[in-house]
Amino acid sequence: MKLYEYKAKEVFAKYNIPVPKSVVVLEADEFKGEELDFPVVIKSQVLVGGRGKAGGIKFADDLNEARERIDVMLNSTIKGCKVKKVLVEEKLDIEKEIYIGITLDRSASAPLLLASAEGGVEIETVPEEKLFKKHITPFLGIQPFILRNLSAKLRLSKEEGKKISKIVSALYALFDREDAELVEINPLVITSQGEVIAADAKLIIDNDALFRHPEYEGLDEDLTPLEKRAKQKGIAFIQLDGDIGVIANGAGLTMATLDNLSFHGGKGGVFLDLGGTDDPEKVKEAILLMKDAEPSVILLNIFGGITKCDTVAIGVKDAIEIGKIDIPVVARIKGLNEEKAKKILRNAGIVAVDTIEQAVKEAITLGGR
Amino acid sequence: MAILVDQNTRLIIQGITGHQGIFHAKAMLDFSTNVVGGVTPGKGGENVHGIPVFNSMEEAVEQTHANTSIILVPARFAKDAAFEAMDSNIKILVIITEHIPFHDALDIITYAKFKKIRVIGPNCPGVVSPGKAKVGIMPSKIFREGNVGIVSRSGTLTYEIVNAITEHGLGQSTCIGLGGDPIIGTSFVDALQMFDGDDDTKEIVLVGEIGGSAEEEAAEYIKEMNKPVFAYIAGQTAPPGKRMGHAGAIVSRGKGTAQSKIEALRKAGADVAKVPEDIPKLITEKC
Amino acid sequence: MKLYEYKAKEVFAKYNIPVPKSVVVLEADEFKGEELDFPVVIKSQVLVGGRGKAGGIKFADDLNEARERIDVMLNSTIKGCKVKKVLVEEKLDIEKEIYIGITLDRSASAPLLLASAEGGVEIETVPEEKLFKKHITPFLGIQPFILRNLSAKLRLSKEEGKKISKIVSALYALFDREDAELVEINPLVITSQGEVIAADAKLIIDNDALFRHPEYEGLDEDLTPLEKRAKQKGIAFIQLDGDIGVIANGAGLTMATLDNLSFHGGKGGVFLDLGGTDDPEKVKEAILLMKDAEPSVILLNIFGGITKCDTVAIGVKDAIEIGKIDIPVVARIKGLNEEKAKKILRNAGIVAVDTIEQAVKEAITLGGR
Amino acid sequence: MAILVDQNTRLIIQGITGHQGIFHAKAMLDFSTNVVGGVTPGKGGENVHGIPVFNSMEEAVEQTHANTSIILVPARFAKDAAFEAMDSNIKILVIITEHIPFHDALDIITYAKFKKIRVIGPNCPGVVSPGKAKVGIMPSKIFREGNVGIVSRSGTLTYEIVNAITEHGLGQSTCIGLGGDPIIGTSFVDALQMFDGDDDTKEIVLVGEIGGSAEEEAAEYIKEMNKPVFAYIAGQTAPPGKRMGHAGAIVSRGKGTAQSKIEALRKAGADVAKVPEDIPKLITEKC
């Protein structure tokens, strides 16, 4: 779960990481101008990178200018994301910009602390030799020597090193205790007055850990209404650019089916992983979700190992009847009780074929968009 | 010979009295796996399909001299179950459970590395050595004894490929599902190394997907191998930034694309199939 | 640093480990009787084990009886320890007594959690098969399965298990964060009302970690005045039963010297380890400390490796002159610059010999008690 | 051959610019130890007796390919120094520092076990292989090349015994001071095992003291050894419950007495000396 900047900064503040004085505004005239000192920065709250270049960050020297710009921003779309909130912050007097991030190094199975004296740019563009990198052993966390080495690498003054060390320790505590997948401060600003302040904040919380963080529940996320519904039902559902809805059991198989579709000139419109279930209720939910995504055709690819093909087929049949679905369905179903399953599907008017290639070709023909 | 699980496996099922536990205990028994016990706290003394249930791993291992454990408990209890297993005398731990918080997985895998315990998973279908033992939830019927070693990050997709290999008249030495999470105990390289040293394995099939760089690392290792490797990578048309069902299947910041993986594997000399169905044909053509 | 029971219970309470309602009393009439409900327990605050059998724990049903017993106790000596404080507690309605302790297993280099359903007796007397024992990995701490297994082993009810699990977790947190060497609750009482309360509390804090626990500084300890002075000066100094004061450099060498003394019929009165120093100031402190311990003779055994013998000798000579010490001194000094050292010592009127055997025999003769 | 330290030792001194660091750097150099660098944060670029000083262990190991480190920093910084060393590529870590909080030592030793790093100490005089290398603070002059392996929990007492052995015309293969704390990285058993496998070591001297059960455990191992073991145990007249100078030298709850240790060692076939001075005589009498 990716948090909006203003929300991430609330969490940062809980860990005593300094953030700029700010207000969140949903409508331009909510902003009174008394809360903050001018000049201010007006930042669109969207979950895409590079919003600055896309016009999602503006400055204002007085209330009028601020309101005007807030208004424009609230009616704009940044890289496809509608701006629903803006964050208005006091503008910082920037002396230096630093990058600090903690992410996961999958290859090493360890958190990776990254820092650079070149903040404010994408970390991927910083040359390797200018990066401070250290894998963190989960049980040990941030030991003093790591902070010492970080300060040395970034050539921080003693005073800067002290403040930034505190922030890095706090950031790791946050990463650890909030079950974060990623935390990033880019830039971490050192002001002309020597203050160190997180000018931006990126925070992704592990969805699988939300059960122990009820405070994040119900937070605004960058999901389509259907994706939101799927999430509530526990179904892996992703809307894509194309028109063919793909349902398969298992993430790998679903991906492979989408890939196959594309080799034959088709284009997936929905990724829907049924998972290892043959629970007719869940199958029904999935089909109804798919219906509401309005694909031109539904391509069903089931490999029944533990899952019984006929049970899945019954679920599909029922869902089509209940949901009065008139979108054509093509099924390739293989494995446990496949013959039974094919019969059930064919009786329900579904094209049931033997190989994935046949199914893909059929779907493309039937979809015909 | 096979790898990881075989006739010498002495298996404990953690969470044996749950819905999944009862079902798969039977399936593993039927596969002639040596299931020596199960653990469910508070249910010690009961039995499941004749398998004795213990209250704790310590007790279970003491009584049964188990060397392997499989975890089939809900995600929020999985870390505790894993630590309990690793503090008993278990050498191989297969974690089936999905949706384990990633910080929990980090703790589990870090501790496992320290204690030199081989963890498979989490979020994986387990390990099968046909004719010897199954420690997992893979469908039993698709397997057949043979010489193809299979290692995969996927579940059903692997079953498809296994099934296709079997229907093609070939069989498997061992089939390992590594798991679909970003943090897993056993990597492609680990599995390739084991297969490389296994006399029963003549060919190796690697089933990868988008996300991470485990396939690229595997490619480096494949360069040094003599056994032929056949690969398939899922997610070639997946959009960046989206998790494709598996927590680990995501192209992020331009990294972890199927293209990069396919290219690396090809360069390393592996035969990369365009679609999974092609794998058996590629094997018989080459070998 | 071994804490008195009342102090240990203060620390326990900070970690939410339930302790009986109590007051600490230094004089009998300080106890008003209103603070607590009768009957009460009156417990002598001494740092020796087995005070119960030695008369250090009494009960009282009303104020008069309580004051009487407090008064007697405050004028008593328990196993050689003068009672300076008593702890008056509400008497618990005991249903069951449990033992919980965390100590260090040196062989395993790990903390060891010990528990037994047979509380109130010395843990050493509990048969092995009735003990719950678990090594704790420092980085992992008390995991849920450990608590589950503990509850099962002690055959606790679900409700008891829950309460005791909380206490065990708290106790480990205390052990860890307070830098404890040992924590022990014996007995942990389950009352007839089902409450779980720490009836006794043992807590030893690591002296070497006191720098990060200033709150324990200056606490009352079971040290002789000289031992206290030595501690302040950072000198390892222990008063023993005999009359011969032994100074050596290095703990092993000092012990070996005391042993040798005893083989020849002498008896050590002071163990004083000079450590790896030849700092004349520290040598002087040590000699003066020794003087105040009033041994019949001082036996000095120095092996100079890095430490220079002559520097030590000068320190000794100076101390003797400054302190006007007329206790006979026998020195065996060997190693770096030993000849110089012997000359210095002999000039100061000290018997300087070549072997430890000679020195020991000479000391016994000179001491002559 | 010797054990632990020899001509292949490439040593870093952590805390090289301190009072102790400067002094012992010289002493180790003079012993012909291969001191390749020192570390003091903030003093990188300086040198001590010509030894380059680095800001961090990472840098030091990268530049010098060191395999061994010695810690000579104050107690409150020792844990951090140890973790820094263990996170670099060091294989052997000698911790001289005394008064390290026991929970810090626990963390250090636990992590060292996990990472399979050999820690000697803390609160120890280090390791000397005469004629090869000294990684510690023992006086250099008392040593002489030879075939007696010495392992001890004590400092000065060991020097006495080493000196006596040398004066007696014998010499040492390696001398290890294990340290006087209750939590130490290397035990008597570890040391005995190493000496047992060392061709240069013909006889072994074990210097123990009251507290713990390391000597009793050593006795169990000695039973299986062929090389003769000579022992001395200090603290035979120490009163129970008192820490005799060393944090680890305490008889507590009736355990850890000199009597128990002496008996165990005698039973295991070791020659136990009544006084330390007797050790060299016992060796020449027997060998």
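We call the chains A, B, C and D, going by the order they appear; numbering starts again at 1 in every chain.
In this text, contacts are C-beta pairs under 8 Å (C-beta built on N, C-alpha and C of every residue); 3 or more make two chains touch, one makes a residue touch a chain.
As the structure is a computational prediction, the values presented were derived from the model and not from experiment.
S.K.: Which chains lie in contact with each of chain B and chain D?
M.R.: Expected: A, C.
S.K.: Which chain has its C-alpha centroid at the greatest distance from the C-alpha centroid of chain A?
M.R.: Farthest chain from chain A, going by C-alpha centroids: C.
S.K.: Could you work out how far the Cα centre of chain B sits from that of chain C, in whole Å?
M.R.: The mean C-alpha positions of chain B and chain C differ by 54 Å.
S.K.: Calculate how many whole Å lie between the centre of chain A and the centre of chain B, each centre taken as the average of the chain's C-alpha atoms.
M.R.: The mean C-alpha positions of chain A and chain B differ by 27 Å.
S.K.: Calculate how many whole Å lie between the centre of chain A and the centre of chain C, each centre taken as the average of the chain's C-alpha atoms.
M.R.: 57
S.K.: Give me the residue numbers in chain B that touch at least two other chains, ranges are fine.
M.R.: In chain B, 107, 111 touch at least two other chains.
S.K.: Residue numbers in chain C touching 2 or more other chains?
M.R.: Correct list: 137, 139-140.
S.K.: Would you pull the chain D residues touching chain C in the complex into a rising list?
M.R.: Against chain C, the touching part of chain D is residues 27, 75-76, 99-104, 106-107, 109-111, 113, 137-139, 141-142, 152-160, 163, 180, 182-184, 187, 207, 209-214, 217, 232, 234-239, 242-249, 253-254, 258, 274-277.
S.K.: Okay, in this complex, where on chain A does chain B touch?
M.R.: 104, 106-107, 109-111, 124, 137-139, 176, 179, 181, 206, 208-209, 211-212, 236, 238, 240-241, 248-256, 258-263, 268, 271, 273, 276, 303-306, 334-336, 355-357
S.K.: Spell out the part of chain D that touches chain A in their complex, as residue ranges.
M.R.: Within the complex, chain D contacts chain A at residues 41, 44, 55-58, 80-81, 83-84, 87, 111.
S.K.: Within their complex, state which residues of chain A touch chain C.
M.R.: Residue list for chain A touching chain C: 139-140.
S.K.: List the residues on chain C that touch chain B in their complex, please.
M.R.: Counting only chain C, the residues touching chain B are 137, 140, 143-145, 148-149, 152.
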